[in-house]
Structures are given as C-alpha cells and as structure tokens.
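Supplied in structure tokens, the structure appears directly below.
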Amino acid sequence: MNQFSAHVTKNREIALDYYELSFIWSADNTPEPGQFITLRCGTGTAPLLRRPFALSSYNPETKTARIIYQKRGEATTLLTAKHPEDTIDIIGPLGNGFPAPSEGSRPVLVAGGIGLGPVLFLAKAMRETQTPPLLIFGARNRYQVPLEIIEPLSASIDIAVCTDDGSQGFKGTAADYLQEHCPEHPEFFTCGPHPMMKAVYDLSRTCRARCWVSMEQIMACGVGACMGCAIAVKGEKPFARVCVEGPVFDGDAVVW
Amino acid sequence: MSTIKLQLNIGTKTLPNPVGVASGTFGYGSEYEKLIGLEHLGGLYTKAVTLEPRPGNGIPRIIETPSGMLNSIGLANVGLDAFVRTKLPYFKTLKCPVIVNVAGSSADEYLRLVEALEEFDEVWGYEINLSCPNVKKGCLAFGSDPAQVETLTASLRSRTAKPLIIKLTPNVTSIGSIARGAEQGGADAVSCINTLLGMVIDIRKKRPVLQNMTGGLSGPAIRPVGVAAVYNVARSVKIPVIGIGGIMTASDAIEYLLAGASAVQVGTGTFVDPGIPEKILSGIETYMKEEGLADMGSFHRFIT
Amino acid sequence: MSTIKLQLNIGTKTLPNPVGVASGTFGYGSEYEKLIGLEHLGGLYTKAVTLEPRPGNGIPRIIETPSGMLNSIGLANVGLDAFVRTKLPYFKTLKCPVIVNVAGSSADEYLRLVEALEEFDEVWGYEINLSCPNVKKGCLAFGSDPAQVETLTASLRSRTAKPLIIKLTPNVTSIGSIARGAEQGGADAVSCINTLLGMVIDIRKKRPVLQNMTGGLSGPAIRPVGVAAVYNVARSVKIPVIGIGGIMTASDAIEYLLAGASAVQVGTGTFVDPGIPEKILSGIETYMKEEGLADMGSFHRFIT
Amino acid sequence: MNQFSAHVTKNREIALDYYELSFIWSADNTPEPGQFITLRCGTGTAPLLRRPFALSSYNPETKTARIIYQKRGEATTLLTAKHPEDTIDIIGPLGNGFPAPSEGSRPVLVAGGIGLGPVLFLAKAMRETQTPPLLIFGARNRYQVPLEIIEPLSASIDIAVCTDDGSQGFKGTAADYLQEHCPEHPEFFTCGPHPMMKAVYDLSRTCRARCWVSMEQIMACGVGACMGCAIAVKGEKPFARVCVEGPVFDGDAVVW
C-alpha cells in the first residue's frame, strides 16, 4: 500500500454514465483482482472523503491500472472531468483480492453494475491461469452495458450479458440467468448490488458451491483505522471491516 | 532568524511538536505506518479504549455531509486486556508519544483503565474521553457537568503522574466552565472539540442513515465551532489547550493556535489525505519563521 | 391519489405551506420582491426588530466557511418606531404571513415590542429570538435557561393571542429542555436552530476576521446539527417544531420534516439562490404524492 | 434586477490570472457602468455563496455583457472552467453605477487590479458622451496588464498604464502617476484596492475635486437583505450597504 500521485492516461465514457479511467500505477505492490484503491476526486472540502474503487485491470508492462466507475454523485462527477494531463491522489492497493478457485471447479463470475470492474480484472487473470470462467454481467438496459470492454474477452471466456428490460442479451437479472444456466461444479465470484449478491449466495447454498462476494460499505479511511466500513458477519466478532478484512468475503461469513 | 521551539510541555512531559492525530481517526497507528512516518507525529491519540471489548454500533456507521462527515462508530475497540496484549507492544516500537484515549460508562471504569495502564512506559499519557456522543450511557453525561468533570479528574489525578488530558464536548452551554472543572480537578491539559451531535435522514427509507440514529459531526464544516470553543476555553483556563476540529491545512491549524491552542490534532483530515499532519507541521514551521514566532506560546499574544 | 394538505396550524392561525424564509436572511421582503413571488412563501420571518434602532456590529460582518458562512450582523435594524412606520405598510400589501422576529436585551424590551406590535393585523405572529449569539447582553442568556424561557414566554403569552414562536439556540447542553420551557410558558411553536457559535481567524492579520470576534455559523455545514436538534425537540414537546439550518433542497427540508418538524425556514440557501424556497415547496409536494403522505403530520410516523 | 440563466459566449485569459467572461444578458434592465452582478460559480456547497463581479462592458446589439475577473480562490477557479456551451446563474444588474461627471470637469478614471472592469465600462460609455477621460490603470507587473483589452481604447481616450516594477508603462502605482500627471479640473472615478482608492481620495481633497469610489465588501445576498456588506460611512447612520447604497459612493461619505 502506498499513496501516490498518478498520471491519468485516459478517461472515457464506456456506457451510459459508466466511465473507464486509466492511470499510471506506481505503488510498490502489484494489484490483485478484487483489490481496490481510494482516490480524492476533488480538491475542496465538498465532496470531502476519498472514494473507493475496485481496480478493473492492470498491465504490468505499461504499469497502467484502470477502474470502471459510474457517475453517481458529486465525487464521481468531478472524476469525469479528469483529463490525460491531470494527476490524481491514489492510495492502494487496498484490501484482499479474490482467492484462487478450488481445484476442479468452474469459476462463475457474476457482476452487476459497478461490480463489473473487479470481476473483469478477475476474469482476465483467470483466462490465463485456470479453467476459463463463465462471466455473467447484469445491467438495467443496453445503454448501461459497456460492450467494447466486455466483448474482447468473449474470444477466450464465456460471457452472458443480461438486461432487466431484455434490450441486450438475456432478459432478466444476472441471478435469473445463473439460475437457468448454472454450469456443473460451480464456484461463484460476485460483485454488484447487495440484492444480486444475496441471490447469488442463496443459489450457491442450493448447489453447495463456494461463493466469494465483494462487499461494499461507505468508507472513511480505507485502511482499517476508523471502523466505519463495518458489515455484519458471523462468528466471534459481530462486525468485519470491508477495507481490511474484505472487500472479498466468503459468502458464508456474511450476515445477509 | 532565531531558532524555533516546537515542543510543548504537558504536565511533566514534553510533546515534540504541536501536530498530533485525533482519537478514533488513526486507529492504533499501525494502520498508517506504510503511508506516513509516524515518528513525525506530535502525539498519536489512540482509538478509545474501554474496560470490556466493544463491537461498536450497528451499521451503517458513517455518512458524508457538506464539508464534513457524521460517524457513529460507538466505542468499537478490543477492550483493555487485548489492548495491553496486542497494541502496547507496537507502541513500544514507536518514536512518537502515544496518548491513550480512555472511555468508560462509569467513573469506576475510567479509574480502573488508568490504573491498569499506569505501569506501561509506552503509554505517554491519557486523553479522557468525556465527550463521545455515540454511546447511550456514560461519557456524555459526565462531560456536560463541571462538578462531575472536576471530581472525576481529581480521582484520575490521584492515580497517575502522567499527562492527563481531558477531552471536551462542544455540545454544552458553556464549554469554558467544563474546562475549568477539568483544570480544578488537576488536568494537565484539555483537548477540544469532540464531534457535534448530528443526524442525517434517508428520505426514501424514511429513517436516519446511521443505525444509531444520531452521530458525531466532524470535518471542515465544524472548524469555526472548534476555533470559537478553543478561544473560549483558552480564556477560561491556564493549562494548555489542544485544538481539534476540521483541520485540513497549516492555515487551519494556525487559526487554532492563534485562538489559544498550544497544539492541535488532525482527525477527519487524515482520512482525506494521510500526508496532512506532516504538511501542517512544516507549514506551521514556515509560518513561525515568516512571522517571527519563537514558540507555541508566542501565538497567544495577538488575540486577547 | 388523495389531496395533499400543506397547511399547518400554529396556535389560532394557519400557515399556508411549510416553507418560510428565515429571519435576518430575507430582510423585510421587499429586497426580494423583484426576484421571487413572495405570495408563495409559507412565512416571511423578518430581520429581528429591537426597541431602539441598532447600527449592528462592526465590519467585516460575514465570511464564508466550508459549506457555510459565519455572520455577525448584530441586530442591525431600524428600531420599533421606524419599523412600524416604514415596514408595516409594505407587509399590508403581502399575501404571505409575516412573522416579526423580536429581540431585546431585557425581558421588558421583549414585552414592550410585542405590546406595540399587537394592534397591527399585518403582523401575523411573533418569533422570539432568544438565541442570537451576536449580541453581548441579553438574548443568549435567556435562551439557555429553561426557567427563564418559560417565564418570558408566559409573560409574552399574556400579551398576545397571535402565534408565538420561540426560536431556540443550538448552543446549549439540552435543547429539548429549553423547548419544554417554551411549551410550558405557552408558546404555540418553537423554531430551531439559530446559528452555531463560531470563529474564523485571519492568520496574516492575526485576529478574527469578524470585527465582533465570534459569529453565527449557518448553511449546509450545520444541517446535521439542525436535524438532530429538531429530532430531540420534537420528542420533548407537543407543539409544532419549525426546522431551520442549512436547507438548500427539498430533500434537506424533508429530512427536517421526517425528524419531527412541521414546517421549515430557508436562510442561507436564499442567498445562494432566491428560487430555493419555491423549488423546495414544489419538491415537498412531489414527495408527498410519491410517498402517499397527506399532510405535514404524516411525516412524523416513520421515525420514533 | 432579475435572476437569469445566462449562456456563456466566451471565457478567456487576458493577462496572468485575469479572465474575461462574456455572456448573454437577459435581465429587463440595461446595466450601467459601476453596476455589478452576482453569480453562482459552483453547484455544490463549497464554495457556497454567490460572488459579486462588476460588469466590464455591455453591447446592447448583441446583448452581450462581460466581466473581468481574477482567479483568486475556489469560486473564481471554478469560473475559469466555464465554456461556451455552459450556462451560469446570474442576478443583476445590482447596485448604483457611477454618476455622470460634472459639467466642465475632466474625468479621471483610476483602476487597480480587479477594479479594471467597471472603470473600462465607464471609459467606454464616456468616450461617446462626454469629454474623453484619462484612464490610469495600475498593476503589479506587465503580466497582469491585459493590453489587448486596454489598447483598443487608446485611439479615443488617454490611457496610462502603471506597473509597480516598471515592466510596463509608468513605474509606480496609479496614485503615484496621478500625483505627477493630474490634469486640470479633474473629477475622479476609481475602483481598485482600498489603499489605492484612499490615495486617490486623498489627492482629490488636495485638488478639491469630486471623487467617486467603487467599494468592495464581502457579500452574502447582494440585494440589501442581509446587512452583511456594510462599510463605515459618515453621517447619521454609521454604516451603508455596498450592495444597495453602493458600490459607488461619494468619497466624502466613506470613513477611510
């Protein structure tokens, strides 16, 4: 983990209100799929706090890292205004990434909305090292599907795009698709809206598969100091910090 | 240019410089060790320690507000025993003073905590949290009554010769009189302010965002309140005042020093940029050189 | 969708809608008549009126702060006689309720002000400013003691049958108990919050920016404090609560209503955009339709 | 006075940290030299208050108004990012402009720094209707002199540029220049830093000339409601509001 001033190399809209920001990585450690960064989107006092974003790719040769983000509120709106000459204040890599899939299982990667970034990163990593995964991506409609980002992967892995309104790919949620098309011996890796992840987790119970979930919680410090990003977990301690114990958790550990 | 003295005496000891990091915003230090040089800190105020371990409040616990944030962490901490076992060894390795922030739900709890920590040299001193707005029972009640503050401070005083700092809440009618209670009880310093009581409501869910309903407001939004509080407190007591609240830049810190503080703590600012405490320290040095100020006391002669 | 009732009873009268403009931020109305339709206001709370004319505090009087502003206007106003002569005729032409904000430096002054204004029908009601932090003597002392608030309210009550609204300061340990004092004295409503005590220092001039040293903090920065205050006050009294503090949008206003307010006032927000009160009113209507809320009371059943 | 959403037509740097913003004027009233507008520079809560700027020109044919502003803090920095497609929230025209010069006097217009805008507007108006004025502009150095804005006027009026360091025109302050080169029967119209205006006023006392000063004070409402923009004045009332009783005052009325 380091704090560094990163040069922006690209920042472009890849789907309606979804952007991809590329920048030069200069932390000591190489980021793993599932890990995140925090960045300061403005320079004033409002918005104030750093914002967490999962990494969506890393190229060790060009030292270029990326995030995919949705324009939502003040901070992400400011982020859309960053240009290639600009620098951004980054802390990372933070948190624990996804584990390697168990021997013999078929990795099923399920992403919804802003959950696409970390899942894409994971898919790319798996493409090289293990059984090619199945990637399911759910969005509200086709405008929110960054096709040009997803399609290049379809040569090497199976991809299913789902839209709530059926305007692209499968009509229904990612969980709906999964229910109908779940492969044999699956192991789930998911990131997205809470209800989606809960549905995937519930399904994993039915088919007795492991399920790794990347959780979200509002963060202040991002490094384990403030106790702000707690989520409810099972076990001895009632809470775990998403920023250091997560963001990736065993679905079994989460109080859903 | 004459030499500048950044040190500050608190009771029998000396803080190396006036810029510390505020309780609850810096964990136990180790969380930030990879990002900044802890040896430059003029005081590491730990997350509050309580007698028993506490899981903290329900979730969510934080929400951003205009130029600030609201938190309701509760006194989430490992409890005294685990603190001694797992945190003190780390403090031994640190070069900066570690001030343990102590919270209890009864006078007895405060006393037992200080008694138990007294033997450890790695505990530089205590900051007594009489002001946390996020627990139902205990500290807020103490913190808003000068007589109770005096009594508790006196009992604590009789149990320690280490620096004893009483942390004040702004959620009172007269913060100066609470400070006087602390001084009369024998405190070596007071620190202020803790967070302001606040609430944010989710209008679609139609309930407060924080599970605990209310929380504590911190960050730049509250800085003018903190500066006014320090100004009032510094005019009520003779012991040093440590200023806290919304400090993001050297200029912000200098406002507190001119208002009457002899040191400051950075809280929410460290979340925004962990490099802030160090930048502030060097900014204060530059300012002192530019303005010909020799020591922390020399900030106090301008505003009367 | 059933019809929506925006009206709200305060004592013997009815406010047409829940969105008013706060005292001291809207002058006497005429200043804004070219910019917005005053007839849409659910209450025009005047700049404070005192017995004698007051020039107000020294300059500078305002400074921006993170997401807020600090003011030390002092009770700059033309005084009772000129107010009656030069301002009341204008109020007669207005369709919105005009509530006169009344401030004094003694109980007697408050009483004489209300007595003098009682005969004028264009004075819809009174908002009693017990909470201005910017005058040395008088209102702040009253405003922080429940017993004094009760006594003064009772004296005022015996002199008027018009709506009597007591305005509360947040600079107290327990705002709920002050509100109870007002209720027991016979107030028809309480409004809160007034500004928070704050200070900003010019580090080059080495003195407070405001000539009066401290000032009152307002704007979005204080909104969480205002919402928490309203939440506490609404649980302490049965009379209506009027929420004030940092309201910029309909969502902000709805937070106050859900916290327990039955109406709101926009202060600093009007400086930023004079169209805000009207936008808020229409936003509240939309929200009530979307959420199936019939009247202002129906906001109060969600948070207990 | 109206509140209106104005289309930006141009926004460009005209000297170091000095910008000229042009926009379409759509208030009912035509602005006069010395009047000002308030505008909202951001959309969030910090910076919060509207900011006042004096108008620097108005073209009734194209309905284009302009301001000249210096990039100083948060609000003016945001303003530099406005582009021709953007709109800005404006209230104006506000306050009282400069009066017409007395019969037989030679108008002497003295501007310093951000005081240039209103003085330029006045100079242009006087160019057409009365004795051509003498315009004196003072800046710290030549980088802060917007030559291309000032020079076109030199065909019709006398202009003296002064710089503290002598890097352009007269070496010294505008007041220094005035002291040495004051014309006969002058009448002063001045806007700029307080010390400069005070110096011009003092000079006006010596040569028994009238002196009109455009004052500055931090503003909250800009329309006379908040009593925030008070300055100390002589006479019955100790204070006057810059936004409604000013910004132009008779120098004799000001407590200097």
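Some points to look at:
Lettered A, B, C and D in written order, each chain numbered from 1.
Throughout what follows, a residue touches a chain if its C-beta (ideal position, glycine included) is under 8 Å from a C-beta of that chain, and two chains touch if they have at least 3 such contacts.
In this text, all values refer to a predicted model and were calculated from it rather than measured experimentally.
Shared contacts of chain C and chain D, meaning chains that touch the two of them, come down to A, B. Comparing mean CA positions across the assembly, the chain most remote from chain D is A. Rounded to whole angstrom, the centroid-to-centroid distance between chain A and chain D, based on C-alpha atoms, equals 53 Å. With centres set at the average Cα position, the gap from chain A to chain C is 47 Å. Chain geometry summary: the mean Cα position of chain A and that of chain B are 36 Å apart. Looking at chain A, one finds that residues 45-47 touch two or more other chains. Multi-chain contact residues of chain C (touching two or more other chains): 66-68, 219-221. The touch graph of these protein chains is complete, with an edge between every pair of chains. Taken in their complex, chain A has these residues touching chain C: 45-46. Partner chain D is touched in their complex by these residues of chain A: 44-47, 74.
For chain B in complex with chain C, the residues that touch the partner chain are 65-68, 70, 144, 171-173, 196-201, 203, 206-208, 213-215, 217, 219-225, 227-228, 231, 246, 251, 254-255, 258-259, 287, 291, 302-303. Across the interface of their complex, chain B is touched by residues 1-3, 40, 45-50, 89, 91, 217-232, 237-239, 244 of chain A.
On chain C, the positions that touch chain D within their shared complex are 24-27, 31-32, 34-35, 47, 55-56, 59-64, 66-69, 71, 73, 76, 219-221, 248, 268, 270-275.
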